[in-house]
Structures are given as structure tokens and as C-alpha cells.
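Labels A, B, C and D are assigned to the chains in the order they are written; within every chain, residues are numbered from 1.
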């Protein structure tokens, strides 16, 4: 069995969808956030696979930047979640609905 | 118009016409706090006088030009350009806009002067004059524009000012709502107007009158796209000019100060729709379906509003419905391709309706002061509390009598000539059904106008009598009334028909604007009747008007309290003594009462209040309810948002790859 | 190494902003705890300097940095919009921040960082630069939305924005990955060339790639059904930040969308048109209907900005020069109306941050006539009453859509504009007509007032000379490589 | 050999990915996420991206995940209970499943004539030298933008977690 680009891509698609499922089902804001990281990772995998396909380093560089973005988002996101916890003693996303309609 | 456009002379005066009121608005608006009330009024009136004098100069300039070359243009600057499509801020004075600017600035000036007296002592007087001048600026822009987009600016601007002025005494919540309704209904109309302009641009690649008309002339008679454009524009006109089914705002608009009703809701703004249709005469002539719609809507509105006018007790509401009805006449005229007749009636109506409104303002002013001094809490606009005011308000009475005679179509007065011309053209074009409706309306008009006159000025004073009585308004108010009364008499003499030995100069004057449209429309229904028929119909219509007056006399003057007296139990003798009026009673029970009941219960209470009013308010309510439902999808739950997002993603991906 | 490949002119404006961020932080650090005035003045100076540089380098920088950015007139036009918004919120902001005891110097540096990100979104000719610009902008906005950590609603706003924003980022980068997979590059010139040359533009990975790219950008524009964050975030965020967020980032998102999709617009074909048609119709309808019955002016303006995204989409859909230039004009006028309206909203608010009731506007017409008049200008502008700027924005975009043959969509848009009158007008009704109990006077804040006046002036001015501004916008669109 | 490793890593990463969203305990979720990240890093190595793989382990699995765990511990969320799924969450699973099927089918079905390019190794692709060189030439500008992005992140984290005076 020869492992081709398509195998990697299908794996990426599945991981991405698992991440989406996590965002749509988990109530813990931190885990939702972790699920988003899972989605990003799947994208990274697709990028690196495509980079290999094209023999081009550009895809890998893009992954480098995605990781940087993810790091910054996590820093800010976790800070926001800590503030949330200070306010409500919970990180349950269902309880965050002051703003609506 | 081709040769006309080619020879259109330049005039450097035109910009001054809107500039005068704009300047007045600026000074009054900026100096609002320091401006004495009287100075503000004088300044605003002076600005209008300036505009009027310039309009007069422009008119004289136009007259000096050859018959077919009567057009003056002035381009201020290129507003914007999109490809080869460009729109200028540019003014056009041709015979049609010359009539309009003279009417707007002239009648406007008189109403401004009148307002000085009317608004005396009102804390918002300076603001009032600011709005009034702003209105005049937009109205003059509307009629002077040389393209539909600039016209639309004026169109929106006058709507805005009308809205501000309707709600002028803003602490009153009902008045605030009235302003709201005016604006919303007008937006429904504007929806059509904007779409019409967009479609016009898409079809002709221009919105400039000359270019549009030249290019439209190449389209076949009855072309679908021109029909669509004209119908959309007419939707705008029904909103602005208060025609069925969008007329509902006008009676409510009476909440504003009375001079505003006179200027905006009688003489000028509401006629913008008629002006627009007349301006677009070439387009309408190419679209016979639209013309029929215009004529039918006009005729039915005329009849409909007149029947409602029969039963109103609020003096301003009577005049408001009367305005709706008269506007219907003007549309009827345009609808039978007698654009000149429509504009003629627009002009004479501006004179006598402004007169009637200002007269009613004078009455209200007097009643208001009377109630105030006598310490009575009452409605100063309700005719049931008036009566016998003739001796206290002589100038107001005599001038209003002239107005009533003019609107009733008594021969020799302005209303007679203009109304007759519309009726005759309707008859001549073979629209006998519409003609009959218009004739009936004419009788009803005479009836309710004299009902108003008798209830207000004749008989006994029906309010509690204090030691004082209502006083005549000051000179600053009565002099404009007299001038308008004079105009209501002589204003029609410029359009005396040939059959009465006149030259109908008015029609001649407008001919260059309308000839192309009328040529096309004439292909559709040729066939002129002879002079004898014209005279006969004229006589008939006059008789109908006179009988309307006669009936009003019988019901409201000779026997004003007939029903009450019977009910008061004066005994069977009473009936015997007055048995000569049995005829009247039978007529009353058999004809007038059912008519009134139909009008009151069905047309007004049901159709007007429930259906049309309800439709406007209901649309707003349904939309709001719907909006409340829609906003509930905003649950506040971030996960639901993400879910909607994901569903959107799946759908869009599938749409792209499938 | 060939240094000519690094033509700094192309990034002169964001460069000034980047240096300015550091300067502002330094000034704030040096000027001590209590005094934020120096930081504000420094930030204003930076914005003015950046604007001067932007004007001086207008359309002079070509494509540079290995095809990563283009310093063309298009970028300059948008930079000016962003800088104007930044200037206004920095000028107007301190009074609000003082009132809520959150006057920190970071406000200024975050606004500047965010604007820098936007500048790269407008200038980027590579998906990587656009992506990084978008993330820089967003990250600063997440923080700004939660700038009042003491308030639950501010925190909730930032959490919602961040969670949904990162979620959207996941899809956006997935889309970029697929585009990269198809053409082996993230360069936009290659992207347009591929689409133009391909028989079926959406074969292979491209269909899903373009779909996800579009979704990532429409999220930032707040297009239905990706708009849900915006009402909650605008509502919960500190109002100066809402003013900023509702204006500049939306403009930036449209700038990026035009950068990516304007050049290949001809070759995008039916699925693209169909989807955008539906998105535009949905967006304006949902936005307007939801705004109808809002008691809070902030939420009303939030939904109204959703509706405006719908009108703006017409320009993208039209795909012609007028559509693109119309978007530029529309945004240039829209940002002033929105910043002005939000600013007036917090100026007149007197029930505290949690409650932005429309009743606050009661009798404003005679308590503060000039302020009320300016608010009327914003409301009438948002309705699109001529001759205010809002009218021409709509006129251009709608005309472009008619030219492109989307007549029915324009009918829906005009109908929606008519519906929108109901809620914009209500503010005016309340200002000029409603009776109310004696009200506390609105604070007189000269700087904020000046900012609002500048907005009103621009809305009027752009309506008086729409032609010349549109010409500049057309030149800007034409200058895109 | 390659196929074996790929299948192994694929199975493990999918399994641990599922555990991230299925585990009740948040800490276990995050630990499974670390496992997924490490598996993906190993795949990066197989895809001739050693530098990115190293970054992935050091920054992602190392720094970022530690931050997650740190916050979880700080807030003491060990006993966080999720509760039963609502209909929205069930819909969410369905939508995610549809998304998985659609994207997987889409990415699988695309015929790639140039697939050989994937199998043919490009010499030097993904080495530290290659990545570093392009990062400081072609991608210099993005690199600088990223520095401001991180600056914004730092300012943000500081301002948000500042306690009120």
C-alpha cells in the first residue's frame, strides 16, 4: 500500500471534523478552545502534506505562522476564560448568555 | 424638446431661487437663540419674497424667448459621474417649472407673512421659520431640478420638512405619531420612486429629463418597460400626493400648525406628485396602461375623499380630505393626457386651498384665543362649537366665502375654469365613467365646503358664551387672505377656454412642455367634440355645483337643528309647522342619511380607519412582530451560533462543489 | 541579497503604525500611572503621521516583499478609512474610558495594532499576509472587547468573539490550505490566474477552498448566518470599542474580500453568484428585521450594521468596477455614520453601561440641538436619504448590481432600506418629539463632541462631492495589480 | 513500512482526537490533545517537515498545552460536569459528521495526476536551513507582522488578567 496525499488529507479532514464536533458539543469553554486547536492542527497537517506534494516550503512556513497565531490566541483566550471564571465561578458556556436577542 | 434642448439658454439667476430660502434657513437656524421671533419671521418672509422676485424675473426672461425655445438652464457642478452616466446639480426653468416656482414662492411668501401673525408668542417660532424656509428650499429644488435624481433630493427633503413640521408641537404624542405615519407612508411611495429611477437609468442610461425623454421617444407605444417605470414613479406620486391607497397620512398630518397645512399639505408639497407626472408626460403618454391607472386612481380618490369630507367635524380634516379629493382631480387630468389642465388646477387649487386653510387657521386662532380667555376647555377645530362667526371675523368670512365659491366651481372664479377643463378633457377623451364620478364629486365638494362655511360662520355661536367674543385676526394674517382671495378670483382668467371666448393662454404657455406627450397620447384617443357639447357639459357641471350649495344651505342654514328639535319633543305640532320640510326629511332619510352612513360607517370608520389605516399600522406591527421572532434566533448561546456557522459551512461547500 | 525587493514605501503606513505602537507604549510607561493624556496625544500624533505618510505615498508603492504586499491606491484608500476611524475613537475615547474607570494606555496601543493588521489586510497580495493581518486585527479586538474586565457583559463579549473568531479562523485557514493544495501557492496573482485559466474553476480542492475563504471573510463582515457574534459583541463591548469594531474591521474584511475576489470575479461563475445572492438577501433581511424591535440603541446599531453588510455584498456580487468602487465609497461614508452614532449613544447614556435605552434620546432635540441634529444626520445617512453620503453609497452599489443583472436582489435591497426606516426613524422621533420627565443634561465633552461633529461633517461632505470621491475610489480599484 | 507508521499514527491520532472531545475529565482531554499533537508531529517528520515537527512539539505540545493544563489546575476544574446533551448538541454531532463525510469524500475523490510529486521527495524540503532562509527573505514581512501579533497577544493577556485596583 502506497500512502498518497489523499490519505493524509482524509486524515486531516477527519481530525478537523472531530474538532468541529468538540466545539459544538462540549460545554467547558477550555475544552471548546482545545477543540479549536485540534481543528488548527488538522489544517496544519493538510498544509504540510500539500507542501510535500508541491515540493514547496511555503506550506510549511504557513504552518509556522498558524502555530504562532494559535499561541497568541491561546494566551488571550485563556486570560479571558480566567476572567470569566472570576465573574461566575464557572466556565460552562451554557451559562454565558447575558447578551442575547 | 430636441430643438429646445439645443437652444436652451443659460441663466445665471436660477440658483438664487432656492438660495434665498436656504440663506434664510441658515441665518435663522444658526442664530436660533439670539433671534427675536419677529425678526425671524420677517427674515424668512423676505427670503421668500426674494425667491419670488427672482422667479418673476426668470418668468419674464422666458417670455422674452421664442415660444419653442423657452428653457433656461444653469449647471452648478457635476454631482457625480459613473462611466458615461453623469448627473449634474443643474437647474432647468421651462414653462412648467416657471409656473411651479411662481406658485411655490408666491403662495409660500404669503403663507410666511401670515405665519408671522399665527406663530406670534409661540416659543418655537424661530425654529418654525427655519423649517419653513428649509422646506421652501427643497421644494424649489424639486421643481427646478433638471434630472430625476436632483428631483428626488427635493422630494425627500420636502418629506423630511413636512415630517418635522407635522410634529412641530412635539410634546404632543399623537402629533409625533402623525409625523411618523407621514414619513413611513412616504417611504412606501419612495420605494417605488427609487426603483423607478433605477429602472429608468438601466433602460435609458440617464436620469436627465431631456436625455431620458429623447431616448424614450424611440421606444414603441405601450412598451412594457416604460409602463413599469411610470407605474413605479406613480407609486411614489401616490405617497407624496396622498392618493389611494397611500393617502392616510394627509388627514393625520393636520396635527401640525395650520399655515404648514396650507403651504405643505395643500399648496405645494402634495402637488409634487402631479408635477412629477406632468414632467414625465412623454413617458406616461407612451404607457397607456399607466395613464389609465393614473386617471382611475385620481377619479376614485376624488370621489372617495369627498364622501369622507361630508361627515368630518374637524374644520382642518374637512379641508384635508378636500385636498386629497382635489389632488385626485389633478391626477385625473394628467391621466387623460390633459397635463396642462392638471397643472392649471394645481395652480388654482394652490390659491384657493391655501386661502381656505389660512382662513380656517384664522378661525382656529380666534377660537383658541376665545377659549383660552374664557377659560373653556374645548376643541378649537371642531365646527360643532363654532357658528355665527361671520360678524366677529368679517375679513376671514368674506375671503373664505370666495374660496368656497372658487372650489365649488362657480363660473368666473378660478376653480371653475381649471376644474371644467379637466372635466371637459375627461369627457372628450371618452372616459364617460370617470367623468360621471368627477361630476358627482364636484357636487359633493360644493356641498361639504358650504357645510363647512355655514357651520362655521352662520347660525348661532354654539359654544358657551363668555363676556367676550372671538376676535378677528391681525392684519398680517388677513392681508394675505385678501391677496389669496383676489388670486382665487382672477387666477383662472389666464386659462379661459376658447369656447367662452378666451385664448387659454395658460395652455399655450405650457404647450412646448407637453406637446410631444400629447401628440403621442392623441394617437390613442383622437376625436374632439364640438363647442356646443363643451358648453352643455359646463352648464351641467355648474348646476350640479349649485345644487350642492343649495343642499348645504337647506341642511345647515335653513334648518340647522332639525333633528335635534324633533328629538327635543316640540310635539307633533312641530312637524306640522315645518311640514314644508317633509320633502327635505324624506330626502334626508332616503338619500343623505344613507349616504352619510355609508360614508361615515363604511368609508371612513371601516375602510379608512380599519382597512387602509390598519394596513399601514398593521404592516408596521406585522414587521415588528416578525422582527421579534427573527431576533429570537439570537439565543445568546455561543454554541448555537457555532452550530449555525457549521451548517452554513456545509451548505456553502456543497453549493460550490456540487 | 537584493534589497530592492524590500521596498519600504509599500508598507510605509503600517510601518509608521508599528513604530507608533512601540512609541505609545513607551510614552505610557514613562508618563506614570494616573496620567493617560500623553499616551492619547502620542497615539493621535501617530495616526496623523501615518495619515500624512499614507497621503504622501498614495499609490506609489508597487508590489514588493516577494509579492507579499502591494502599496497601491487601493491600500492607501482603505488605510485612510482605518486611520480616520482610529483617530475618531482615540479622540472621543478618553471621556468614556474615564467614566468607566478603564482608562489604560493599552487602549491606544491596541487600537493602533489593530489598525496595522487592517492595513495589511488591505495591502496583502498573498493569503498569508491577509491572514496574519486579519489575526493581528482580531486579536487586538478580542482584547478591546473585553477591555472592561470588571463588567460581565464585556467579558462575555470578548469570550464569544474569541471562541467564534478562532472557530472561523479554523475554517479560513482550511480554505487557504485547500487553495494552496490546488495551485501550490498562496499568492493572489497565481490565484486569479488559475481561476481565469481553469475550465471548471471549482474543480479539485478549489470549490471547497473558495467556499471556506469566503466564509472566513464573511464572518468578519457579519454576514448571516455567520453574523451571530456581532450583536452580542457590539452590545457587550465598551461602546467606544463597539464604535471602532462596527466600522473599521468591517471595512477591512471587505478590503480583503476585494483583494482576493475582485480580480477573478469574472471567472467565479454560477455557484458563487447563487451563494452570494442568497447571503446578501438573508443578511439584509435578518439584520433589518432583528433591528426593528430593539430597545437598546447599541443592539439596534449592531443589527443595522449586519444589514449594511448585506447591502455591501451587492457590490462584491456585481463584480464590476462600479461595484468595487461603490463598496469603497459606501464604507468611507458608513464608518463615519456608525462611529458617530455609537459615540452619540454613549454620550447620552445616563442609565449606566448595562442599559442603553432608546429613551435616553428623549428630548435631545431641544436639550442639545446640535448633537441631536448630528445624530439625525447619522440616522438619515444610514437610511440613505439624499443628499447625505449614505444615499450615494447605496446608489452606487445598487446601480452596479443592476448593471450586473441582479434586478430582483436590488428590489429586495430597496425594500429592506424602506423597512430600515422604521427603526432609524424611531430615534429621531424620540429625540424631537417624545415627552419625558425632566432629564439629566448630557455631559459636554469638547473632544468627543468634535469627533462627532467631524463624522457628521464627513457624512454631509461626502454627499455633496460624491463624484470626486468615487473617482478616487475607482482609481484605487484600478490600481490593484 | 511507511504505510504501517502512517496507519498507526492515523489510528492513534483519530482515537486520541475522539478522546479529547469524549473524555469527561478536562485534564484527560487536554492530555489526549497532547497525544494527538505528538502524532501529527510524527506525521510531519514523515512529510519531510522536521523543523515544523520540532516546533509543533516544543511550542504546541509543550508550551501551549502546558498553559491549558495550568489554567485547568488554577481554576480547579477537575470536577466539571458536562450534563446531558441538548438537542442542539445532538444536531452539532450530526452536522460535524456530515462535514466529516463531505470533506473526506471531497479530499479523497480529487484525482491528482501529479500525485507522483508527493511521492518524489524534494531534497532539502523542510530542513531548518530551507525554512530559515525563506523565512528571512521571502517571508520576512509576515514574520515581522507575526511579531506584532504576538505583541498584541502579550498586551492582551496582561490587560485582561489585571485585577482592578
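By our rule, a residue touches a chain if its C-beta (ideal position, glycine included) is under 8 Å from a C-beta of that chain, and two chains touch if they have at least 3 such contacts.
As the structure is a computational prediction, the values presented were derived from the model and not from experiment.
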item	value
Both-way neighbours, i.e. chains that touch subunit C and touch subunit A	B, D
Most remote chain, CA-based centroid, reference being subunit C	B
Nearest-to-centre chain - CA centroid comparison	C
Distance from subunit D to subunit B - Cα centre to Cα centre, in angstrom	71
Subunit A and subunit D, separation of their C-alpha mean positions in angstrom	6
Centroid distance [mean C-alpha coordinates] between subunit D and subunit C, Å	31
Between subunit B and subunit A, distance of the C-alpha-averaged centres to the nearest whole Å	65
Residue list for subunit A, restricted to those that touch at least two other chains	9, 16, 19-20, 23-24, 27, 32-33, 53-54, 56, 58, 61, 65, 69, 72-73, 76, 80-81, 83, 93-94, 96-101
Of all residues in subunit C, the ones touching two or more other chains	128, 132, 135, 139, 142-143, 146, 149, 158-160, 163, 167, 207-208, 231-232
Two or more partner chains touched - positions in subunit D	88-89, 91-92, 95-96, 99, 103, 106-107, 110, 138-139, 142, 146, 149, 152-153, 156, 160
Pairwise touch network: line, ring, star, complete, or other	complete
In the complex with subunit B, residue positions of subunit D that touch it	88-89, 91-92, 95-96, 98-99, 102-103, 106
Subunit C - residues contacting subunit D, complex	1, 5-6, 11, 18, 21, 25, 65-66, 68-69, 101, 104, 106, 109-110, 113-114, 116-117, 120, 126, 128-129, 132-133, 135-136, 139-140, 142-143, 146-147, 149-150, 158, 204-205, 207-208
Contacting residues of subunit B [partner subunit D, same complex]	637, 639-640, 642-643, 646-647, 649-650, 653-654, 657
Of subunit D, residues touching subunit A in the complex	2-3, 6, 10, 13-14, 17-18, 20-21, 26, 29-30, 33, 36-37, 40, 43-44, 47-49, 51-52, 55-56, 59-60, 63-64, 67-68, 71-72, 74-75, 77, 80, 82-83, 85, 88-89, 91-93, 95-97, 99-100, 103-104, 106-108, 110, 112, 114-115, 117-120, 122, 125-126, 130-131, 134-135, 138-139, 142, 146, 149-150, 152-154, 156-157, 160-161
Parts of subunit A lying in touch with subunit B, wherever the complex brings them together	20, 23-24, 27, 32, 93-94, 96-101
